[in-house]
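Heads up, the next two complexes both have chain A, just with different partners, chain B and then chain C.
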Partner chain A sequence: MRNILAIARRELSAYFATPVGWLALSAFLLITGFFFAALVSLYSMQSAEQAFSPYGAPDMNLNEYLVAPFFGNTAIILLFIVPALTMRLFAEDRKTRALELLLTSPITTTEIVLGKFVGAMGFIAVMLACTLHYVGVLFYLGDPDVGVVASSYLAMFLLSGAFVSVGLVTSSFTENQVVSLVLGFGMLLLLWVLGWAESASTGLTAEVLGFASLINRMEDLTKGLVHTRDVAYYLSFISFFLFATHQRVEAFRWS
Partner chain B sequence: MKTTLIRGAGLLGGLAVVGFLVAYWLLELQSPQVVGVGVVGSVLLVLYLWLDREELSEVSQSRAVRYGTGAALSVALAFGVTIAANVLAKRYDKRWDLTSEGRYTLSDHSISVASGLAEPVTVLGFFQTGSPEEDSFRDLVEGYTAHTDKLQLKLVDPVQEPLLAQEYAITSSFGTVVLVQGEKRQRLENDFKEEPFTNAILRLSSSKEHTICFTTGHGEREVDDDASAEGIGGMVVKMEGQNYKAKPFVPLKEGAVPADCEVVIVAGPQSELAPQEREMLARHVAEGRHLIVLIDPLVANETAADLSRYGLIIGDDLVLENNPNYQLEGGDPSYIVLDRASMDFHPIVNDMKAIALLRTVRSVRKGPDVEGYNVQELARTSPQSWAETDLSFVTAGVMPSPDEGVDLIGGVPMMAVVEVVDPSVVPVGDMSLPGGGLSLAPAPVDPAAPVDPAAPVDPAAPVDPAAPAEPVVEPVAEPVVAATPARGRNPGGRVLVIGDSDFAGNGLLAQGQNQDLLLNAVAWMVDEEDQIASRTSEGASGLLTMTGLQGIVVWLISVLGAPGLAVALALRSWIKRRSL
Partner chain C sequence: MIRVEHLTKRYGATTAIEDVSFEVPKGQVVGFLGPNGAGKSTTMRILTGSLGATEGRATVDGRDVFTDAREVKRRIGYLPEVPPLYPNMVVRDYVAFAGQLKGVKDPVAAAERAISRVGLGKVGHRIIEHLSKGYRQRVGLAQALVHDPEVLILDEPNSGLDPAQRVEIRDLLHDLVEDKRTIILSTHVLADIEAICRRVIIINKGRIVAEDDIERLGGEQRTVTVAVARAGEAAIAALRAVEGVSAVVDEGDGRLRLTTDGDRREHVANAAAPFGLLELSGRARLEEIYLRLTMGATP
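Showing the complex of A and B:
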């Protein structure tokens, strides 16, 4: 555990030691901030129209029309940003031969993989924590549902975990960070749009594609509905890709 | 050359097999040609493996291949475990609704309806695949299937399955839901929320349609009016949704309560019911059927006083609430808020979890004990309320104070229910119309009628002295048969009197659990106690309005504030690195 935390600390500090991490954070906050402000303005205008409507405002729901779309947009931004954060995790170590040092040190492959995963997740946790002020604004202006907000953050965290695990495995296959980025982004995009193929299929195929889609599994979570099947999906997804990364890194020992 | 050909065949075979799997399974192109490609590909692959076996065997001896194969197999195994874990997780899925208003949690009523399903119901949801309506409906049905295995959902895209859509005459592009149970069908168009869906299941599974009759001709609330605040059409729509058939009738015109009326509702008469009409209602009750009277203060006092024949005393008063916890904001004391603490224990009100809101209410209390009746007061106001008998204050506009010894002070009952244990004690008088136009024969007697032998019979049932002198009370000589025999209960009818009708009107129907009060009462009367529950809450609305300045601040904080801070830290980090 100590080794895992040591590696995680090293990875986390690497993000903040260079402007790249800070710039990634600024880009993330700028885009999420734009979406947030735009959604709040739009919802406010709709609320004003509904409040003065003689027919009342029966269907206005802050959680459904503002909170869920905001986190939906945040997920898309993460899809672009996370591969950029994970591309260097193994690729850089391979290029600089630091991986050989790691592999020859008394640290197990599992500790290396988990350490890098925890480090990347730590940075993403910081990114997500920086969006909490949006929630504060929402609570100041309206009455969002704490449960919906909490389950939405759970969704973002699980989704980010899935993204990082895929980024780890693609980073372990190449020394070139750009190739790692393209591979990681391509894989995530494919898993993301599986849900779209669902509508073009029927029966078991549609069911499997719909279930395997990364985006479909987070929809209920952003509505405040926590399914064990969704949480299990993300956890098993993360576990599988971490295992695949482990196998790949282990191969360096005997290759 | 030979080796190249063999490896080329192997590659071709492998590609053909992969192509076959994609076409057959993913694209569902299950034609003989596709199968042919699969067979040829498999043959080529097997040929390659056989002909190149020596080379393959040599390669497989290398360390890289051995370790690589082991790793690949481990990953494949992990993939299998992942799939198995997800299949199990999907099968044994549990869900938690974290929304504060339980937006995705079914009401007790819907759960009761779902768990009470005896026969399988197939739910055909005709939606465009991937549409928001389809998603919402799937979520909704999942809530029901968590409580029953009798409900099966099949989502159908009318474009992809036009024949099925045609069979069910699907024309709406916004979705249609058809519930099928054997030969019976129920259809939902446009509104796929919990309440209509539950009602559709009810209509499908209920073997009997109950008829609820509304008296008219005395200024009662209009059954057909579901738009104005005064009408009772909104409640009627709710009743029809629960598989009840609503029917207005004029007692004097009919000459008697129609035989198919299981429950008669007198909803806020503004003028008196004729004495003959009151006798018709009494006979209706004596025959084992049921009566609900919603009677407002200041009007129809004679009709109100006549309810003493059922062992009730209806006050000529107005209940005023002085407890701020039970008043509406603004403090109008004539609005009466009832909560769980206000209610007694009775099937009609046991499941009331939220408030009920009544407006201008008169007291309804239990009279002197009458053998043959079970009378129970259902709800009382707070100890700070009273029933004001000096109603001159209404026109004077001065807030009165309770008069000790005159007014009923503290815990004023305003609704009561009567179960007739012995129908013979219900006083039924002459129903002939003035001038001898109509004389009704007594109801036929069924010798096999279930009469409670243990029930004491008191033909000379005492009548409240405050009751009007007319009509002359003539107890029914023999117990009559309930028109709709109940399941092992008293042969007499049931009577509910509420000292207000506003709560059931369109104006207040949506408040708290007002609708449940009457729907539960009807369900209890027609022996559908499994339908008594707290009904759907469709979720709260949430407006968010900003001033212009607030809007600017939100934009500044979101787009400039936090990202700007991160850019500043990036610059600091860059400068720090340069200075090293």
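Showing the complex of A and C:
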């Protein structure tokens, strides 16, 4: 555990020591801030229209009209930003030969992989924590469901974990960070659009595509419904890609 | 301390090292020599646990480098040819991080000791990528020393350095030898090997071609080259008559290459003087042996 935390701390501090980390954080906050402001504005406008409607004013649920779309948009922003955060994790170490320090230290490959994973997740936790003030505004002005907000953050964290695990494995296949970025983003996009392909398919194919889709698993979580099967899905997904990364790093000893 | 038995490493159809065996007793400083691509780095990487072997066995302090890798790595400090640095880190933080990975109890204090040991005190607060190559090499050495290892494996610690930086690193290596550690040093600077190591292992095309104390290596045979103003049959005959000279080859332009048994430079100079001695050079002993073993014959 000590070694995992040591590597995680180094990775986390590396994000703040380079422009990439600050740029990613700034871009994330700027875009999520824009979407939040736009959604609040839209919600206010629609609420006002509903209030003056001659057919009465139906209840415009804050969770349904604001919280869920906000986290839906956040997930898409993460899809773009996380590969930029993970591209350097192994690619840079291989290029600078710093990986040799890790491979010749008395630590296991599992510790190396988990250390890098935890480090990237630490940075994503910082990014997500920076969005808490948006939620604070909602609590100040309205009455969102705490459970929905909490499960939405859980969804973002699990989804980010899945993204990071894919980014780790693609980063381990190249010394070139741009190649790592393109590979990572391409893989994530493919896994993302499987959900769309599901609606165009039938039978077993639709079931398989629906099962593999990262997006489908998130929908219930952002509505406040925490199913064990969804959490288990993300954890299994993360474990699979971390294992693949482990195997790839082990292979460095033979190449 | 280090025992390598029949080590072989193949990359597909390419054999990097084949049937390499040697031993390094505790406290000995050994020079590891060979041309580029001879298999030095491969052997070193196998010993440090960053590379697997196809066949054979290697132990450090009686522990197998493959099955007991963690314990072996605790005992080894390794400086690869390209130091494994994180360019964006501050020197002090980097060395402390290396200490943490190597299981040091107080990494910050250990980093300070290693930094002062390699003379980095003044730049300890600086970011690694802003340092000169010589200093970066020192940071790599500090990383290798931070856990106070019994064994040091240094792969060309002075490659790519300017002459002044080379002298700095050589002086540092001199200091490290006094620590009584077991050291394997690979370098192309043979003068450093002669100055620092008692024993050498020479590897060529993946195989060990010589392994002995420098004094005993290659017997007593040496090469002396003389340049005389009046080279000719008489000069060759006079030099051939010198005791201990076994062969004289006329290289043209007044240059004669002599093969001698032991150091006969004084007698050769006396015999060449009547013919107008212009120059006498005896190639450094290790260089001569190295070239003979790795290039097939003395050029």
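By our rule, the second predicted complex is superposed on the first by the 253 of 255 C-alpha atoms of A that agree within 3 Å, B and C clash if a C-alpha of one lies under 4 Å from a C-alpha of the other, contacts with A are read in each partner's own complex, and residues count from 1 in each chain.
The rule is short, and it goes like this: a residue touches a chain if its C-beta (ideal position, glycine included) is under 8 Å from a C-beta of that chain, and two chains touch if they have at least 3 such contacts.
From a predicted model like this one, the values you see are computed outputs, not experimental measurements.
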Partners on chain A (chain B, chain C) - clash or fit: fit
Touching partner for A:A6 - first (chain B), second (chain C), both, neither: second
Which superposed partner A:E175 touches (first chain B, second chain C, both, neither): neither
Which superposed partner A:W254 touches (first chain B, second chain C, both, neither): both
Touching partner for A:A17 - first (chain B), second (chain C), both, neither: both
Which superposed partner A:R229 touches (first chain B, second chain C, both, neither): first
Chain B versus chain C as contact partner of A:T104, first or second or both or neither: second
Chain A residues touched by each partner, larger count belonging to chain B or chain C: B
Touching partner for A:T96 - first (chain B), second (chain C), both, neither: second
Minimum distance between Cα atoms of chain B and chain C in the superposition (Å): 6
Intersection of the chain A residues that touch chain B with those that touch chain C: 17-18, 254-255
Contact footprint of chain B on chain A as seen in their complex: 16-19, 21-23, 25-27, 29-30, 32-34, 36-37, 40-41, 43-44, 47-48, 50-51, 57-63, 66, 130, 133-134, 137-138, 141-148, 150-151, 195-196, 198-199, 201-203, 205-206, 211, 219-220, 223-229, 232-233, 236-237, 239-240, 243-244, 247-248, 250-251, 254-255
Contacting residues of chain A [partner chain C, same complex]: 2-3, 6-7, 10, 13-14, 17-18, 96-108, 252-255
Parts of chain C lying in touch with chain A, wherever the complex brings them together: 11, 48-52, 69-71, 73-74, 76, 78, 80, 82-89, 93, 97-98, 100-103, 143
Chain A-touching residues of chain B, taken from the complex the two chains share: 25-26, 28, 63-64, 67-68, 71, 74-75, 78-79, 82, 85-86, 89-90, 92-101, 103-104, 129-130, 135, 139, 157, 160-161, 539-546, 550-551, 554-555, 557-559, 561-564, 566-567, 569-571, 573-574, 577
